[in-house]
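Okay, so chain A shows up in both of these, paired with chain B first and chain C after.
Showing the complex of A and B:
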C-alpha cells in the first residue's frame, strides 16, 4: 500500500484517478480501524491532511453554513448553529468518544456511509448539499441522494467530497437529534434526526430521518407530510412514526434485533419531535 | 513502493525518525520502534482507549493514526507526562483509591483525563468524568474507584492552582 500526501484537491483527484481502488483518508477513525481488522486493503491511500482549507466552517449572515469536509466532529459539536441546523451539532456531540471526535471528520463520517452512524441522518434532516470534485469539475449532491447502500455513496471512484453546504434554516425552524444506544458512545440502536419549521405552534414543514433502520438514512415524504400543517399532536406524531416503522428494514445485530428496532421507532420519533418542539418554546 | 520509509515524529519533545510502513499505526511505532510501551494495544479498533496519547495536545487513539500521517505533529505519550502536574495528581489519587488492578487501561485513562483537566473551566464532577471516560474500557474495577480518584484529582488540579486552567 502506498500513502500519498497531496497538497491540493486537484492533485488528490489525479491520484485517485491514477490508482484503482485508492481511498481517501482524512481523520482515519473508521478507515484505520478497517485496515487493522483486515477488512480493507487498498493499494493506495490519499491523505487529505495537507490539503489547505478543508477544515474551515463558515457561518454566513443569511444563516447558511459551509463546512469543509475535514472539519472535525469535535469542531462541529462545539459550534452553535442556527435554527434546525442545531441537529448537526447535536449529532456530532454523540459520535463515539472525545478522542475519536478530535480527529474524525464530518466528511469522513459521511463518506463512510454507515447507516448506524450519527451524522448521515442529521445531514439528511438538514437537507445538506455535498460538493464533490472529480476530474470533470465540481457537482453538488443532496445528502439524501448521497447515501446509496451500506458503506456506499454516490461518489465516483475519482471524486472527493470537499464541502458541505447547508441552506439557511427558515425562520422558526428547530432541530434535534435523539439517539438510543445501549451504552454511551456506541452506535445507535435507532436514532432520529428532526428538522421542523414552526409558525405559531403549527408545523409548516418537517424532515424526520432515522438512523440504523435501513441501508441508508430513512426519510419518507409521507411521514413528513403527516406532520406538516398539524400542531404536532400525538395522533399526527404517531402516524408519522407508524409510517416510518412500516418502511424500516433494520438489521439484527448485537445492538438490537430487527423486531426490537422496529418496535421502538414510534416512541423515539415522538421523543425527537418533542425535543425539537421544546426548543421553539425556550426563550431565545 | 510499499517499503517502510523513515518518518520524522516529535514524541515527548524528541525528534524520532523510525521506519514506518504505510499501514503501520502510531501505536505500532511507539511500542515496537520507540520502545514506549506505556500505550497499550487493546482492541486495535479505537473502542477501548488503552492506546490513548495526546496528538497536538488532544486525546487521540494511537491505534487509529497512521504513523506516516503523524509527521509534523506533537505526540505525547504517558511516558511524556512524567512532569505534568495534572497527570501527577491523577497518578497519586488513582494509587490512593486502589483504582488500578491489572493496570492495562490505566495509562490511557490518565492521558484522557489529563486532556479533560487541561480543557476544563472547573473541577469536573463524577458525571463529567464518567461521560469523558465512556471511551476508556476497564475490565477489572467497575470504574467506581477510578471515577472517585479522578474527581479528587480534579478538585486539586483544576482551577485551584496558579497557572492551572480554570476559574
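Showing the complex of A and C:
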C-alpha cells in the first residue's frame, strides 16, 4: 500500500485520479478500523493532513459558517455555533470518545457515511452544503443529497470533500441532537437531529432527521410539515414521530432489533424537539 | 486485644500504581526475548466439524515462517481440571467456532498472521449442539464422542450424554415441607454468557534453554497451575518448567488455568526459539473463556410471617465445548443456592453440560451470580406476596455466626445483619420504597435490595518471610496480583505481623522458580488464605527474632517483646532492645544463620457433614469461611426506551477486617460495575453456533460515564477468628449482589419481574408493552 502526502487539493485530486480505488485519509478513525478489520485494502492512501487550510473553521458575521473538511470533531464539539447550528456541536460532542474526536475529522465522518454515526443526521438537519473538488473543478452538494446508501456518498472516486458551508441560521432558530445508545461512546441505537425556527412560540420551519434508522439519514418533508406552523403541541410532535416511524427502515444489530428501533422513534423525536424548544426559552 | 499494628487498615497506595499510571508497567506483550518469534493462530469456522485434512504448504513456503503446527503434530496429551479433554490445537474435530486449529511461528507478527491465513483446512461439518436443551434431548449428539475414554477426577455424577457433572446439596424434606408453606413462589430465570473482558488479552512467551528447561512468561492467575498443566501437556517434569508472571491486566477467572501457554511452549520446542503469542481482542473473545449461561428453576415457600420453609432449585449450566472448571462452578453455585438464610428444607440440584460453544469457566462469582440472581428475586417475590418489607424479610431469615450453612458447616463469623441494616439506613430505603414507580418525563424510579454470601477459604497455599541483613523483610508467595491489590494487602499483613513499616517489606512478582506454592488468585481467597500463610511465616520470624534477642540479653525468649518499628526488647525494660537489623546481622554472621520463616496450609475449616445433608458429587470435602454482603440500588426506568439507569447504589460488605480499605472499596466498586454490566448490558451471543458479537464494537461493557459516581462502598468488619487480623475475602461478592438488587429495583419501579438478564432496553420495553396489553 502506497501512502501519499500531497500539499494541495489539486495534487490530492490528481493522485486519486491516478490510482484506482485509492482512498483519502485524514484522521483515520474510520478508515484505519476498516483496514484493521480487513474490510478494505486500497492500493494507495492519499493523506490530507498536509493540505493547507482544510482544518479552518470560520464563523462569518452573517451567521454562516464554513469549515474545512479536516476540522476535527473535537474542534467542532468545542465551538459555539449560532442558532440551530448548535445541533452540529452537540452531535460532535457525542461522537465516540475524546481520543477519537481529537483525530477524527468532520469531513471524514461525513464521507464514511455510516448511517449510525452522529454527524450525518446533524449536518442534514442543518441543511449543510458540501463542497467537492474533482478534476473538473468544484461543485456544491446539499447534505441530504450527499448520503446515497450505507457507506456510500455522492462523491465520485476522484472527488474530495473539501469544505462544508452552513447557511446563516434564521432568527429564532434552535437545534438539538438527542442520541440514544447502549453506552457512552457507542454508535447510536437511534439518534434525532432537530433544527427548528420558532417565532413567538410557533414553529415556522422544522427539520427532523433520524440517525440509525435507514441506509442514510432519514428526513421526511411530511414529518417536517407536520411540525410547521404548530405550537409543537404533543399531537403535532406525535404525528411527525409516527410519520418518521412509518418510513424508518432500520437495520437490526447488537444495538437493537429493527422493530425496537422503530418503536422508540416517536418518543425520542419528542424528546429531541422538546430539547430544542427548551433552548429558545432559555435566557440567552 | 491490643490495638492493630499501623500497617493494618492503612489506606496505602499500590506500589505498582505510579508505573501503571505512567504506562511504565510491563505486561507480557511488552516483553521481548533475543531471537524471539511471533505466533498466530487459525481458528475453526465451524461449531462442530471433523478435520479431514490440513494443507500447510503455502504457509510453510512463506519467507520468515519457522514452524506451522496442527493438532496432528502434537502428542496426544490432554489436560483439564476435572475432565482431561483439552488439547492445544483441535485434535481431529473442532467443537466451537474460533477453536485453534493450527498455529504459525514466524520472524514477525505480520508474516505469522499472513501465513495462518494461507492454511487450508478441509472440514466435514457435523451436527452441532447449540443449546442446553439440544445437549440434553434424547438422542443428542455427543459433543465429545470420546468422553468415556477421557481421564477424569472421580464422582462427577454425569448420567446422560453431554452431562459433564450432576450434583446436589439437600437437607430436610422438601416435598413434605410445601404443605407447611402459606405462600410459594415459582419461576424460571435465565442468565447470560458474560465475557471476562480483562483489559489485557491473553499473552504468553515461551522459551527453552539449552539444558532443556522451559521458561514461560504469561498473563495468568497461578504460576503453579500453569506449571503443573504444562508439565502434563509437554511431558516435562515440573522441575524443568519455570513460570513467571509480568504485570497482569485483569483476569476475573479467565486466566485461572492455562490459556495459550501449552501451544506457545510447543512452538518454542519445535523452533528452538523464544515464541510470543498475544491474542487479538477478537480471538480472545472467541477462543478463551466466558461465564456459564444458565437456566434456573426455583420454587421457594414461606410462612405467612415470613419464615422461609423450603426451596427446590434446579440449575443447568452451559459449560460449552470443554469441561474446564464446570464441575466446581456447578457445585459452588449449589452451595450458595440456599442463600444466606436458614431455610430448613432445601433440594438444590444441578447439571453442567457440553455444547458446541466457547468453553465456560470460572468468572468472578463462580456459579454464584447465576444462582443468586434467581434466588434473591424470589425473596422479593415472596415479600411482595406477603406484604413484607424486603429488607425485613431478609433480616428475619438471615444466618448468624454459630449457625449452620447448608452442608452442615458452622458459620464462624457473620456480618450479614450489619450489612443489611447499614445499606438500608444509609440509602434512605424507607422513603425510597414508599416512592416506588414515581418519576417524571416518562421515567419511573425504584429501589431494590439483595443479600448474598460467598466463601474465601479453599485449597492450599504457602509463603516465606526472610529477614534481610538490614532488618527489612522479603516476602515471597505466589498470589499473582491481577490488578486488585493482592501484593499490597499481603505486604501489609506481613508488615503488620512484624509490626514494621510496610515500606520495609519487599515482595517479588509470582515466579514458580522463586516463590512457594499457591493454588490460585481466585475464589476471593488471597487475603484470607495467603494472608494466613504470611502470618504463619512472619510468626516464625518473630520467634527467631525473640530467640536471638533472648540469647543476647541472656533472658528467656518469653520475656522478649516485639516492639513497633522493628525492635525486640525485654518486657518492662524499654532501654534493653535490639533492632531487627542488629538481630539479622547476628543471625547472618555470628550464629543461627539467616532468619527465614515459612507458612503453609490447606483450607482447614470444618468439612461438610455428609450425615446432615445429601451432598452428591461435589469435588471438595471442605470449602468455606463465609463472607456476606447486601446491596441497595436505586434505578430509573425509561418507559420510552426501556433503558434502566442506575442512579445510586450502596454496597455493604463484611470483609472481617479491611487490610487496605482503599483496595477493598476498589474491589466493591469494580465488582458492582461488572455486575451491573451482567444485569443490564453484557451478553455473548451466537447464531447457528457463530459468535455474533466477539468485538468491543458489538460487545460493550460499562465505562466511567455510564454509571453514577454515587456508588457507596460500605465496609462492615466482623472479624473472622481464623483470618489474618480478622480479614476475610472481597473479590467476588460485589459482583454477585449487583444483578438481583438491580432487578428488584426494576420490579419496584415498574411492577414487572424480569426473569431474564441482561435487562436490555429492548427486553424492558417488551415487558412494559406486554404488561400494558394485559
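Definition applied: the second predicted complex is superposed on the first by the 284 of 284 C-alpha atoms of A that agree within 3 Å, B and C clash if a C-alpha of one lies under 4 Å from a C-alpha of the other, contacts with A are read in each partner's own complex, and residues count from 1 in each chain.
Convention: a residue touches a chain if its C-beta (ideal position, glycine included) is under 8 Å from a C-beta of that chain, and two chains touch if they have at least 3 such contacts.
Please read all numbers here as calculations on a predicted model, not as lab measurements.
Chain B and chain C, once both complexes are superposed via chain A, clash.
In the superposition on chain A, contact of A:49 is made with chain B only, not with chain C.
In the superposition on chain A, A:103 makes contact with chain B only, while chain C stays out of contact range.
Of the two partner chains, neither chain B nor chain C is touched by A:161.
Judged by the touch definition given at the top, the superposed model places A:16 against neither chain B nor chain C. Residue by residue along chain A, chain B and chain C are tallied for touches, and B comes out ahead. In the overlay built on the shared chain, the residue A:124 is in contact with neither chain B nor chain C. Legend: residue contacts after superposition of the two complexes on their common chain; A:256 is shown touching chain C, with no touch to chain B.
When the two complexes are overlaid on their common chain A, residue A:25 makes contact with chain B while staying clear of chain C. Applying the stated contact rule after C-alpha superposition, one finds that A:184 touches each of chain B and chain C. Touch criterion not met for A:273: it reaches neither chain B nor chain C. 183-185 are the residues of chain A that lie in the contact sets of both chain B and chain C, per the superposition on chain A. Chain B contributes residues 1-2, 22-23, 25, 44-46, 49, 52, 55, 58-61, 63-66, 68-69, 112, 115-116, 130-132, 134-135 to its touches with chain A in the complex. Across the interface of their complex, chain B is touched by residues 1-3, 5, 25, 28-29, 32-33, 35-37, 45, 47, 49, 74, 96-100, 102-103, 183-185 of chain A.
Chain C contributes residues 442, 640-643, 681, 685, 692-693, 698-703, 705-706, 760-762, 765, 769 to its touches with chain A in the complex. Across the complex, chain C is touched by residues 180, 182-186, 189, 253-254, 256-257, 260, 263-264, 267-268, 271 of chain A.
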